[in-house]
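Everything below concerns the one structure shown next.
Labels run A, B, C and D following the written order; every chain starts at residue 1.
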Amino acid sequence: MNSFGRLFRVHIFGESHGESVGINIDGCPAGLPLVLEDFLPDLERRKGGIQKGTTPRKEDDLPIFRSGVFQQRATGAPITILFENNNTRSGDYEKQRAVPRPGHADFVAHQKFGGFEDYRGGGAFSARLTVGLVAAGVIAKKLMSGGVADGGVQIKANILEIGGETDLEKGLQRAIDAKDSIGGIVECRVSGLPVGLGEPFFDSVESLLAHAVFAIPAVRGVEFGRGFAAARMFGSQHNDAIEDMTGHTRTNHAGGVVGGITNGNEIVFRIAIKPTSSTPKEQLTLNWETEQLENFSVKGRHDLCVALRAPVILEAVTAIVLADLFLLEQHIPRIWPEAGQKES
Amino acid sequence: MNSFGRLFRVHIFGESHGESVGINIDGCPAGLPLVLEDFLPDLERRKGGIQKGTTPRKEDDLPIFRSGVFQQRATGAPITILFENNNTRSGDYEKQRAVPRPGHADFVAHQKFGGFEDYRGGGAFSARLTVGLVAAGVIAKKLMSGGVADGGVQIKANILEIGGETDLEKGLQRAIDAKDSIGGIVECRVSGLPVGLGEPFFDSVESLLAHAVFAIPAVRGVEFGRGFAAARMFGSQHNDAIEDMTGHTRTNHAGGVVGGITNGNEIVFRIAIKPTSSTPKEQLTLNWETEQLENFSVKGRHDLCVALRAPVILEAVTAIVLADLFLLEQHIPRIWPEAGQKES
Amino acid sequence: MNSFGRLFRVHIFGESHGESVGINIDGCPAGLPLVLEDFLPDLERRKGGIQKGTTPRKEDDLPIFRSGVFQQRATGAPITILFENNNTRSGDYEKQRAVPRPGHADFVAHQKFGGFEDYRGGGAFSARLTVGLVAAGVIAKKLMSGGVADGGVQIKANILEIGGETDLEKGLQRAIDAKDSIGGIVECRVSGLPVGLGEPFFDSVESLLAHAVFAIPAVRGVEFGRGFAAARMFGSQHNDAIEDMTGHTRTNHAGGVVGGITNGNEIVFRIAIKPTSSTPKEQLTLNWETEQLENFSVKGRHDLCVALRAPVILEAVTAIVLADLFLLEQHIPRIWPEAGQKES
Amino acid sequence: MNSFGRLFRVHIFGESHGESVGINIDGCPAGLPLVLEDFLPDLERRKGGIQKGTTPRKEDDLPIFRSGVFQQRATGAPITILFENNNTRSGDYEKQRAVPRPGHADFVAHQKFGGFEDYRGGGAFSARLTVGLVAAGVIAKKLMSGGVADGGVQIKANILEIGGETDLEKGLQRAIDAKDSIGGIVECRVSGLPVGLGEPFFDSVESLLAHAVFAIPAVRGVEFGRGFAAARMFGSQHNDAIEDMTGHTRTNHAGGVVGGITNGNEIVFRIAIKPTSSTPKEQLTLNWETEQLENFSVKGRHDLCVALRAPVILEAVTAIVLADLFLLEQHIPRIWPEAGQKES
């Protein structure tokens, strides 16, 4: 369903053109300071309309706290955050009801929900819902950001390639020139983690991160450490030599996870993001009323390259997974002490 | 923890050199015919010692049913299957207690479990536990194999490359010649699926499959459809045109999943498997008693290339995920009818 | 945490004097017709201020749908329902911050959440949150109300006693005369259920109902069928003789559940509700600033007898449990057909 | 399904007349000392055949550890414990296949599992499976027994009444004289608990304990503190005055739980146990082959009063719930230190 996590648990909801999208976060320790300003930088990073190649749809994306925050701190009760949908143009979608957009979920949603789905702008499948993930990610990052954990955890995602080019400007320009959308690759690195997060088998760190990462729309692959390149290596090349009692390894081909468990080195993983399904190019699709193929061309307002907006979302789901593992391993107290106070 | 699934739910347990490994399967519909012979082919495929490049450790791998099967059918109660560990040589491991094997979980397990872990042969981290996954996979495959679902679901995994070579023999020989271990790539294809399995976001088909796939030891990456190559494509190239009301698409770049939901086409995904951590080559690692680096060389009996044994395990976890989704979408009845009977 | 259910899953949130309380419902089949009017009768039954002995705090209790409902039907995505808190007088509570009200959660909440809890009006512990349960109950009842299930399920709760009196007026008057609050007993009966809901052991129908029932504030006991009286019976008296192939029994001492499973007879169970903790009588409690005992007297607006408002809440949690079991046993389709249409 | 708990999680399995019954325990902290002798006292208390009024079926009930224990300590991996079924006489049951025993699950199991259930001796519904609960309870008790938690937690259950008599011998004799079975009431008390276990609403301590308690066969009611008697009290009578900063209350009508949270006082609750369904008295039931009512008389070997064996089982499920809450609130470390060592 629409939930994820064991102790730090999020529930997402909302539709692209409904009144709001949002997230409910259960398990946030009481006392964590939370003010509006904590959320704005990451929410700003997620926004379209600023960068070349992103959607001109503009939303304020101001988090509205409906529960769980009192006197600028988490209370220990579930936190509900809403984001209003103001800038919707649903008329764009009503007209083309019977024509599923290629690459989008329109067809499968229609089959799965029997035609009762909110079909406007992708409805409950819309990447608009990632705004809630980013908000939950802000809280998760804050939980791991120091004060309690020594030094704190740093999570940083960067775009490695757009359309196969490491010069991102150049990759984007290729898409603009081709009047098409384009994919990209994003890498995430996490430092400051303790040894011992995760479990062998089903709750391996890779399992949990991959689970969360594929919840981001448009992700088509994930690889840890050397990833697919490891399949072409010898064991003696790939193995990382442990050098000291902190678990530090000479190389980091494993990407910080061995046997499903963090090994104290930097976690490194990459995701592949497909080109935006909504491309300005004309395409062929089925009209399910006429049952004929017809040419389809996107109106609406869309990103040319969703990879541009992915880093902050990738950081957010990574933080959500790791905060949960921190709580499981008791690296975060159940009550967050006052600033300046020491945890008892 | 060591559980996976919502309605078809598995719990794995056991250690490499303990008395047994096993699996508990909750949620198998009553009435499913289950006899020993159903399990032997897949268990045989998982075994080492037959193929060049696999471990000479030989185990009978006969499933012992301890609950949930009565008169050769599932009863609807939890099914417990044990596999005895007979062919263990624990002495191999006792001697090198303070020397974590590079690439293995020895170091992280020691840190995580405070030295109380069963360290013999990888203990609870051992790929030996995948024998239980294969057994659960047999049941999951059977549930989807027809009789009830039209035509049945086919799940088939194949090795695509060993050490970068599509001639598998050649790739393996490279490792043998180099006296080293080697990685590989395995692809899984699933046909016969209905439209509509999975959910947007956290319970996307990719999320669930990736979660399960990373539970297989040595997996370092997973990609669906065009995967990482999609990141270098234009949208007009990547989008699959829907051609008819069954959802059949002209191309299958999406690999059978759109918006997290099966779209009626073949599911196609690939995993990267790292070279076996146990390589015959001498390596450097830390001795945690002396706190000095020392040379390490593997004794024991090991696979040169674990990718060789991966296909049947990959099929198994895929089947486990899909059987769960089938039950959730009510494509499998809660009571499996007698052969020749029609489901009411 | 604040979630319940497996396939029909609810998450509650909110605080008594925060901006809103609410509920998120995941797993409601697409297509279920849902209009405001469906909710009003049960929400009205829950309200105080009408009946003698209930709180004069008046809230509109109009459900605000923030997700999951489109064109007056469930979409299959999570349904979020908010209720505004308008009629709050938080000043009442600020003054007595250090004086935990006897019988209330003030003291335990303060210890558990380190003083960061929203303490106004019971905060996240307030019975105000049951308004969300009632809303979810309306949806659950509707799912089982016929159309698909034959004839439909009827859930009806009634007050059996107030203060030990079966004349409820008389029991209430005793409390009014004594200037005190008073407890009561409520019975719930469910007819129209199929044989076979529930599981032996942990997911027994009694386990699940009891779990949900004790989520209602002030409940102190639950008993099924003959309940505590059964402990004083002989087996030959207590056993119900099965009379026909539908499972109908001559007597119904079991209250409709045998071995944890519904047996096709009416489910009958009762709950004990303690007297409202907020009594007009003066009481003794600890002031945690002075660490001295002091006299305490309730201001605020409160129910004399919360049992009066309990029946509709009890029906709601019962419906939530049973709708989940219905979905598990596939008695409710994943897509709710149009009125007049037959389920395929 | 057949699982319970969040961090200390148990899965039960097995059938009365299958090869074995057992339990799998996930989440037991590494390092906990576990030897056979730890289990024998509680397993002995559960046994029949010793006390007047209990079944003469004798089983060794020796726990067989199949995973998760190494060098007499928990490893941190799942613990699997089997109990062999040796003393079975299945022939007793084969003969009466079409005649569901009144009060037993035979009829509902047949309907639910379509006739595929293991019907011998109650199959998966048998109280025989509680032997696994008792084993898990031993581990749970040990986790809370001191060393780490100050002073440790004491859980003690006692029979309050048999057949309405507080002289248990007298109550039992009534049943023997009547050649019938008889019910009873058992009380459980838990001391040494910290303030703050549990959550408001769904994860209230009462919800979790009631859930677990109704997993015990034959339980028909549960009440906390004053329980059903509270429904006849005034608020000023029922409220417990807090007397000091530890939360100690002058009276303990609440039974140690307020607002779903432990308040630092003794937890007190009672369960009602119905008379054993298998009574020596002749009874009426339906023969589902002939579809006629017929007289039925129990052969087999049965308890006259299952309440006699209930205390240790009640303690076990109570311990399972509380150990989970302890882990959630971080009162138990993830790694159990060596004896004589201090937790770091």
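List of remarks:
Rule of thumb we're sticking to: a residue touches a chain if its C-beta (ideal position, glycine included) is under 8 Å from a C-beta of that chain, and two chains touch if they have at least 3 such contacts.
The shown structure was predicted, so the numbers you read here are calculated from the model rather than taken from an experiment.
Looking at which of A-C and A-D shares more C-beta pairs in contact, the answer is the pair A-C. Comparing the CA-atom centres of all chains against that of subunit D, the greatest distance is found for A. Note on chain placement: the centre of subunit C and the centre of subunit D lie 26 Å apart, centres being C-alpha means. One finds 36 Å separating the Cα centroids of subunit A and subunit C. Remark: subunit A and subunit D have CA centroids separated by 43 Å (rounded to whole angstrom). Those residues of subunit A in touch with two or more other chains are numbered 1-3, 12, 77, 112, 124, 200.
Subunit B meets subunit D in the complex at residues 1-3, 9, 11-15, 18-22, 24, 26-27, 30-31, 65-68, 70-71, 73-80, 82, 112-114, 116-118, 123-124, 335-337. By the touch criterion stated above, subunit D contacts subunit C in their complex at residues 1-4, 12, 100, 102-105, 107-109, 111-112, 122, 124-125, 129, 161, 163-164, 175, 178, 180-185, 195-196, 199-204, 206-208, 210-215, 217, 219-245, 247, 250, 254-255, 258-263, 272-279, 281, 283-286, 288, 291, 293, 307.
Interface residues of subunit B, counted against subunit C in their complex, comprise 6-7, 77, 200, 328-330, 333-334.
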